[in-house]
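Scroll down for the structure; my scribbles are underneath it.
By written order: A, B, C and D. Residues from 1 in each chain.
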Amino acid sequence: NRPMVLIAGPCVLEDLDTACRIAETLQEQCGRLGIPLIFKGSYDKANRTSVNAYRGPGLEEGLRILAQVKERFGLPVLSDVHEVSQIDSAEQVLDVIQIPAFLCRQTDLLVRAGRSGKVVNVKKGQFQAPWDMKHVVGKLASTGNEQIVLTERGASFGYNNLVVDMRSLLIMRQLGYPVVFDATHAVQLPGGNDGSSGGQRDYVGALSRAAVATGIDGLFWEVYEDPDCARCDGPNSLYLRDLPRLLAPLLEIDALVKRL
Amino acid sequence: NRPMVLIAGPCVLEDLDTACRIAETLQEQCGRLGIPLIFKGSYDKANRTSVNAYRGPGLEEGLRILAQVKERFGLPVLSDVHEVSQIDSAEQVLDVIQIPAFLCRQTDLLVRAGRSGKVVNVKKGQFQAPWDMKHVVGKLASTGNEQIVLTERGASFGYNNLVVDMRSLLIMRQLGYPVVFDATHAVQLPGGNDGSSGGQRDYVGALSRAAVATGIDGLFWEVYEDPDCARCDGPNSLYLRDLPRLLAPLLEIDALVKRL
Amino acid sequence: NRPMVLIAGPCVLEDLDTACRIAETLQEQCGRLGIPLIFKGSYDKANRTSVNAYRGPGLEEGLRILAQVKERFGLPVLSDVHEVSQIDSAEQVLDVIQIPAFLCRQTDLLVRAGRSGKVVNVKKGQFQAPWDMKHVVGKLASTGNEQIVLTERGASFGYNNLVVDMRSLLIMRQLGYPVVFDATHAVQLPGGNDGSSGGQRDYVGALSRAAVATGIDGLFWEVYEDPDCARCDGPNSLYLRDLPRLLAPLLEIDALVKRL
Amino acid sequence: NRPMVLIAGPCVLEDLDTACRIAETLQEQCGRLGIPLIFKGSYDKANRTSVNAYRGPGLEEGLRILAQVKERFGLPVLSDVHEVSQIDSAEQVLDVIQIPAFLCRQTDLLVRAGRSGKVVNVKKGQFQAPWDMKHVVGKLASTGNEQIVLTERGASFGYNNLVVDMRSLLIMRQLGYPVVFDATHAVQLPGGNDGSSGGQRDYVGALSRAAVATGIDGLFWEVYEDPDCARCDGPNSLYLRDLPRLLAPLLEIDALVKRL
């Protein structure tokens, strides 16, 4: 029942300067509110809707940026991996290795991530029942690594829409590992005919309050200085400047719920 | 942004004594916590899974019980109607006329309920998009009655399961009317081969906290002294004695969120 | 394993002349193909999206039209009922009493329909698991009436969309009663912000072939002379003139499948 | 509008002898019925529910088995790939490279598969709208390879269940590429608490007839000599000996529909 953690950063890394500006602001904001911060940034968006979409700086350059953020700000860093071979480099830099939702059942990827000895954060697939995450946990734990985090990011609800089943936060918590709510992906409207996913940024605050009120261990938010100009997932990402206003009530709810 | 209201009572009315005992305890509990209370009780469960299930005391006897509760305890009372003709009697007693979820698009029932001049609470159908409730509101408002309440009770999610899309609370609130979260029906597992619906009482507390954290106007809970022996919806109903423990954090979250 | 039946007619009745013209054409078309025909027409669309939508000629006038169609063409007629009290008049005229999908669990309506001694066709609710139709059957059969037909018309699939689970045709057939596929409502896109439901007429042919290929007892199609000008459910209704072209392959598939 | 193709074989390869016995029987059965056959077999089940489940003989040994089947029987062979690096070996043997449903949006995997110059069969993700497959096609076609096949295998429908939306076969066909229906995975009941997926073999025949009746280019079936003893996906796989009985009506429906 420790206070919740914030995992935040841009959806996709762009350049070192931008990453550092975002990390600095996040650190300041979280420091003032007393929230432990993990910096996240993807070096490669491996499953964008369209082949022409920006994918990021790539493994090497992305890890270089994250290593810099880590060094300059002393922040733990998180990124996601898509193939087994990427983990050789990724484990040199990352504090948390994240398994993307579509890949949450890929045994080799899970086992290799587990073997890194790092914290492994698995996003629950949009197609996956929360109780079935116990098998995902089993794949990771088979390596002897019990530093496992499970993240809810919405379930398929018809086409081009996701729904957050708040029961899943409770069900996954019963597996005995910390549970995170990824609010910015939960409000994504996946796919669509125009070649990129839409999103509903306006619901992030309320859905985050709801999730925190159930009793969770962390929140996952993607943020940009100007999400409407962002190269990935802008419509569902938050304005960096809005974080203090959004975080304040969450801290109160978190404290209140953890006292129960 | 007024403090939230509690609508509570047994799923189905049984006899006057039981109704009065429940009403008395609820009034005491809510009085101590300062929560406005509306007493609910159904005189007829018109759509039980099985033809052999207990349906309630019927219109006349049920309204007699509710009139007694109203008189003895000074509580506003709510019940649900299933056919137009029932409203002639129902409007003599009820303060809030409720339209069941399956019937939320039945134009005649809505219009007749609107004409009663009473508050009308419509449960959103398990098949209905939240934005489409604007047409339901339109049917009611066509009578000049603007005392409308909209209730979320879960959406169809595959078979024999419901999911609460917390976004729907926000979407319905934008229509300009109070929004209620029916937590005990939201955890129902509808139907099933054995002839009655199951339920997940254990999730009521957390889902209620989540809904209140989004900012709502009321909660709807079905309660029994001994739900495991109740004649209807026992598995998803709450133990009356658990209410103070469950309500306390909700009041805090409600106050906190309404200050935002 | 008798050849399939066609239930067809306009969504909503308009006037006697139109009804007779449609019935005459249908009879001619079905006669040529050797398909037993039941004429359907609703006297009241009791759950239109908007309060301002056309609802039909009403109970009395609608039954008068259906009685005329029955007399002039010797066709069995079907219509849907929405409240218990309507069945007193409806059973005087109708050969098949239909229970709408939203009302498929209303015990009183089912029991009263069962008592009519007429064939009762129940549309499976968009929220209802196919195996749970056994309880609906139980309500009807409790009256001693075993002339029961079960109709699939799509299940809720996210918001404003339905999906046809073809397994449900098989599951309902195992209950021992004839099963009908309502293809024109299955392609409805329910609700939507503009105040009426959309539809996907182009899929009716292929979905009907699919359903017939599983082995069913009847098809339900709504037809108009000019559906794009129809006052209800135009976007998912068929052009009357297209029926021979659409029916021909269905007859072949039906014969082929019934030989298995 | 060419006659449909059958893609069939065991879910997971076991040993050479078994693979050859199955291939021989399939070739005999399809030869007698005049159905073009593609032999399928997975060398690695990369996303089994449990970490302890049998995964297959591995890339090298699996490809060796498939190469033998290809040589001995002159059959085109299909298998699925899970990481980019596997395609170097896989393209040496396979005639059709298959992209698993969970991986249908992984850009690198698609692009590398496209560059092989082989036919690429993509299974539509359980989370993916059929119209969004146009972006998947775009990723493949960006390599200049237009030998693309799209496969429906069911969409997420609540938890631990899939539904086949037959409309998706039509929608994907409009993209201009052949469409296949994977009937044995469509009846899978994914996950579940016991550590392996269940299935509903009994529905494969009827769902296959339904899909063929909409007009498709191929069927995908997993078969075993004794599926109840199979090491993967037994509950939804077919008995090899049942194929002639199941295929015969499909050929008739296919011919009939392709004449329309």
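Just so it is clear, contacts are C-beta pairs under 8 Å (C-beta built on N, C-alpha and C of every residue); 3 or more make two chains touch, one makes a residue touch a chain.
Owing to the predicted nature of the structure, the values given are computational and were not obtained by experimental measurement.
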Between A-B and B-C, the pair with more C-beta contacts: B-C
Farthest-lying chain, centroid of Cα atoms versus that of chain C: A
Centroid spacing, where centroids are CA-atom means, of chain A and chain C in whole angstrom: 48
Inter-centroid spacing, chain C versus chain B (mean Cα positions, whole Å): 33
Centroid distance [mean C-alpha coordinates] between chain B and chain A, Å: 36
Multi-partner residues of chain B (each touching 2 or more other chains): 155, 157, 159
In the complex, chain C residues that touch chain D: 155, 157, 163-167, 169-170, 187, 200, 203, 206-207, 209-215, 249, 252-253, 256-257, 260
Parts of chain B lying in touch with chain C, wherever the complex brings them together: 46-51, 55, 82-85, 102-103, 105-108, 110-111, 125-132, 134-135, 138-139, 142, 155-156, 159-160, 190-193, 195
Residue ranges of chain D touching chain B (in the complex, touch as defined): 157-159, 161
